[in-house]
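First chain A sits with chain B, and in the next complex the same chain sits with chain C.
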Partner chain A sequence: MLVAGIILVLTVIAYLAKVVGGFEGVQFSPTVSVIVVILLAASLLWILVLTLKGRLIGRRVVFLYVGIAVSLPLFMSISQKIVISPETQQLYDAISELPSGAKVLVSFDYDPPSAPELQPMAEAFLYYCFTHDFKVIVIGLWPQGPQQANLAIDKLLALPEIEAKNLQYGIDYVNLGYQAGNEFVIQRMGGSFESMFPTDYSGHPYSDLELVRNIRNFSNIDYSFNLSAGYPGTQEWVQVAVDRYGLSMGGGNTAVQAPMMYTYLQAGQLAGLLGGMNGAAEFEKLVGREDKGTRFMLSQSFAHMVVIAFILIGNVAFIVGGRKKKL
Partner chain B sequence: MEHFAVWVAAFLTLGIVSFLYKDNPWYKLSEAIFVGISAGYWFVVLFWDNIYGKFWNGIFPEELIDSAGNVVTREPDYWLLVGAVLGTLMLLRLIPKIGWISRWPLAFIIGCTSGLYLINYFSSNMMRQVEATIMPLVGHWVLDPATSQNAFSAFSGADIFSNLVLVIGTFTGLVYFYFSKEHRGAFGGTAKVGIFFIMITFGASFGYTVMSRMSLLIGRADFLLFDWLGLVR
Partner chain C sequence: MRREIPLAITGIVGVVFVVQYFIPHFPFSRMNDWFSDWFSIVQACAIWLGALNLLKISAQKIAARKSDWIYSIVIVACFFLIVIIGFIEGESFRGQGTAFSWLYDYVYTPLSATMFAILAFFVASASYRAFRARNFEATLLLGAAFFVMLGRVPVGDMLTAFLPDGYRLSALASWVMNFPQAAGQRAIMIGIALGIVSTSLRIILGIERSHLGGE
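Entry: the complex of A and B
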């Protein structure tokens, strides 16, 4: 109870320092970052030694280490080398070939729980579209998708290089909102976009939006990008829009979903794929705007190293404990 | 209001995470709030998007005003009434005496979905995948525009290796799932190779899943340390 009280007081102080005092936060210098990494590795080694001596650690220590591995890199000023994978390069090459003014359809098929992985992808993709004067049409097959799109668009429109372009809603980009019906929406869009989206997200009539007024169906779209966290998502877009209507499409998927999409990539049904946070970081590097995807990759790598370390420690405990014989 | 929302989100996030220490009332409260709000949210979304947005607005379309002040009218879509009737029939399950009628809309849904999925899956997930697996191993013939004759173009060593892995992996994986013959001898050996390929696939998939879950945790850590407390610059 005392500890909880102290933590509460400290959090209130930290929050007030941010809100009232203008505290800008902490960032470790590269030297401090390296020292922290060494200390973390040394403590894991110490746990291994304890395990070899037969003193096993509790599961809460593992949770604590994963929490530390995820949190501490957010303070570090060191960065991780991002290597571009062929599937990310393929997506970048596909949009690089589009001419200025190309019409790009972006479907936001995810909700806030998947935002840590997909929002950086969305922002990087839209950044490329806006800086290369593509016309962006946003839709969502998930109810919260268009809201996620607006968050990304608002953030990008505040950037000086985008603000200078003076992009106009309805002319340079449009958010047609959410439509219920899953893959049947895609099917109907193959005949007529307007039949599924009679109004945009804000209630403006389809025919009143200059950007989409002359867009009848997928044949008027130059490229499509699908951000997907499950069903309906990339699989449904491939099955209906790509294979039936011949839409050229790239996918941005959560890491859970990405392995299933490689078959579509291999078969040429997808023109590029971004898988998980790694894919987001790679794409951010390609478009030249390193943001959260890149920053989070250090935490991702640290967490993976800690998981691998504990798998090793667990196996050592298993062997040292002689449990194999008992089983 | 924004400060309050951030504190509530932080309170609930920490409540859920507190389960890692042990089950406690804070966790139970956070879990109950999450489940309750989710159920309420989805009810509202489904009502306004499906029943009102699609059905009601489809039968009685609202008049829209364009930027020039003109009234944009739409024709009512009376086919939606068929869906409404079928949807109502499904609710008859709540009346045991005539509950059997609810099987009709279910049969309609299953029939339509099967018909659509059969074509989609057969085309995208079977034929296109079989087509992608049948490939030249070491090179292919390409038309030379200079001579207007076909010339053999050899693949690189890496491409040949990749193609071999794909072909062997697909073949041995299929053999593993062939259960009409006992897995012994050369057939059993081939199936065993297939198991290795399947295990590697599962391993890669598991690795991606771990990455995804870590991403969610990183998102929450970023919220707590950056959006809430502002400790990270």
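Entry: the complex of A and C
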């Protein structure tokens, strides 16, 4: 317990040092990484043995292992092969068919709590749009959505390959901001974008923005991508914009929400789906810019493994304890 | 009249929204636009109402020294801090390099993400303590969770690398998501939709009045 605790504390300190700077070289070699994995697996095996002997562990130990599983992989040099799922490939194929100059509507329907999953998707999608000269129109049905969009756009504009394109606000991309009204906003956009967004995020009149001046409604949009963490989100976009106005749309959802979208995907109402951080990592691989989604997948792999290990240990305790003992 | 007017508004708006879906022409199209705009205005006002209500509840908690009242001070202080900074910085308060955007990027965003991330610890603990193979259904759920959790991360394929391409864990997870899971979701969604239709009809016809308070 003590050793595990020390490892966790050191890991957090090392990560902070890495973020702050000065310790750029903090990275386990592949051998050390493998040794750490073996130690972790051995300690879990030891917990299993203890459980078989009737000695149960407390929830704090579980918390500790989750902490280790999430933080240690940030320093490991283990490469994982990201396998592209059919739903991610479908999204990529859909945007690959768009011509240069295509108008893409991106709705940011999430807030910071879901950003670790959805922000990498947003960045990868916008990266593809910017590098392929698509015209990007950003809106948000969640109050913090447009702010999240700006974070992604600012980060991408600082990249040399994007900076070289000299993208202009109002001509190549625009952020129309947030509008209250949930699915009613989508419905009104079916008639007129300007009625719902008379000004952009910074207060410029709609008619002054060259990019959107001639965009009246969904019929002028070539493709739409919705980043969603709940209500209103992909489901509402499908029910109103796709079903009623025939908008071609792909979705980027949190891992919790993604299973609900498979029905729309199979019905052809969604042209592609990214689910959780795994979806983000897959899409990053496809667009050729591996970033946070890919980097954090090792942590997610470890966390999943640890949760599965504890589910198995819990069931062993359940069986050994005569199916009565509570943990 | 306190009941009749809201009931009439509900009924008229409900009928218009249903009719305009099938007849998207004047006058229903125009009425749909009006009512949609009204909804946006009402929702925007509700955001204010929510914020003021939060302030009121927090202030009452502080005044009465109820349990955890100290957190209410944090809520009130943060509320005013953000509002005051927003007003001081004027129209461009959300622009790059403003104090507001700094607070958003480096305080609000990491704190929100942290709160959400804590779920991972509780999910792991809850799975350990409660995810049991008690009966056939629970065992089936456990098996599906096992394969999907492993199949949705790259390590799943690493563990089954010895198998042919279409038989690895990612393929199995994909099958679970696309067939049994999607079938279950579809059934749930159809059930919910039928429930929404019946409840909406009850509200439009004035049979269900709980949204007006009382009864």
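Note that the second predicted complex is superposed on the first by the 297 of 327 C-alpha atoms of A that agree within 3 Å, B and C clash if a C-alpha of one lies under 4 Å from a C-alpha of the other, contacts with A are read in each partner's own complex, and residues count from 1 in each chain.
Here is the rule we use: a contact is a pair of C-beta atoms (placed from the backbone, for glycine too) under 8 Å apart; a residue touches a chain by one contact, two chains touch by 3 or more.
Since the structure is predicted, the reported quantities are computational estimates derived from the model, not experimental observations.
Visitor: Looking at the superposed three-chain arrangement on chain A, would you call chain B and chain C a clash or a fit?
Guide: clash
Visitor: In the superposed arrangement, which partner chain does A:W46 touch: chain B (first), chain C (second), both, or neither?
Guide: neither
Visitor: After lining up the shared chain so the two structures overlap, which partner does A:G268 touch, if you call chain B first and chain C second: first, second, both or neither?
Guide: Only chain B; A:G268 stays clear of chain C.
Visitor: Look at A:Q300 in the shared chain and tell me whether it touches chain B only, chain C only, both, or neither; answer first, second, both or neither.
Guide: In the superposed model, A:Q300 contacts both chain B and chain C.
Visitor: After superposition on the shared chain, which partner residues are touched by A:V240: those of chain B (first), chain C (second), both, or neither?
Guide: first
Visitor: After superposing the two complexes, find the one stretch in chain C that runs into chain B, choosing from 7-15, 97-105 or 151-159.
Guide: The overlap with chain B comes from chain C residues 7-15.
Visitor: Which parts of chain A are in contact with chain B and also with chain C?
Guide: The answer is residues 63, 66-67, 70, 113-116, 143, 179-181, 184, 187, 203, 244, 255, 259, 263, 266, 275-276, 278, 300, 303-304, 307 of chain A.
Visitor: Mind pulling up the chain A residues that touch chain C in the complex?
Guide: By the definition above, chain A touches chain C via 59, 62-63, 65-67, 70, 80-83, 85-86, 111-116, 143-144, 147, 150-151, 154, 179-182, 184-185, 187-188, 191, 195-196, 201-203, 244, 255, 259-260, 262-263, 266, 275-276, 278, 281, 297, 300-308, 310-311, 313-315, 318, 323, 326-327.
Visitor: Across the complex, what residues on chain A touch chain B?
Guide: So the residues of chain A touching chain B come out as 11, 14-15, 17-19, 23-27, 60, 63, 66-67, 70-71, 74-75, 113-117, 143, 178-181, 183-184, 187, 198-199, 203-205, 207-208, 238-240, 242-244, 254-256, 258-259, 263-264, 266-269, 275-278, 292, 296, 299-300, 303-304, 307.
Visitor: Quick check: in the complex, which residue numbers of chain B touch chain A?
Guide: So the residues of chain B touching chain A come out as 3, 7, 20-21, 45-46, 49-50, 53-54, 64-67, 72, 74, 116, 120-121, 123-125, 128-129, 131-132, 166, 201, 204-205, 208-212, 214-219, 221-222, 225-226, 228-233.
Visitor: List the residues on chain C that touch chain A in their complex, please.
Guide: Residues of chain C touching chain A: 21, 29, 32-33, 36-37, 39-40, 43-44, 47, 91-92, 94-96, 101, 104-105, 108-110, 112-113, 115-117, 120-121, 123-125, 127-134, 142, 145-146, 149-150, 152-155, 157-158, 168, 170, 174, 177-178, 181-182, 185-186, 189.
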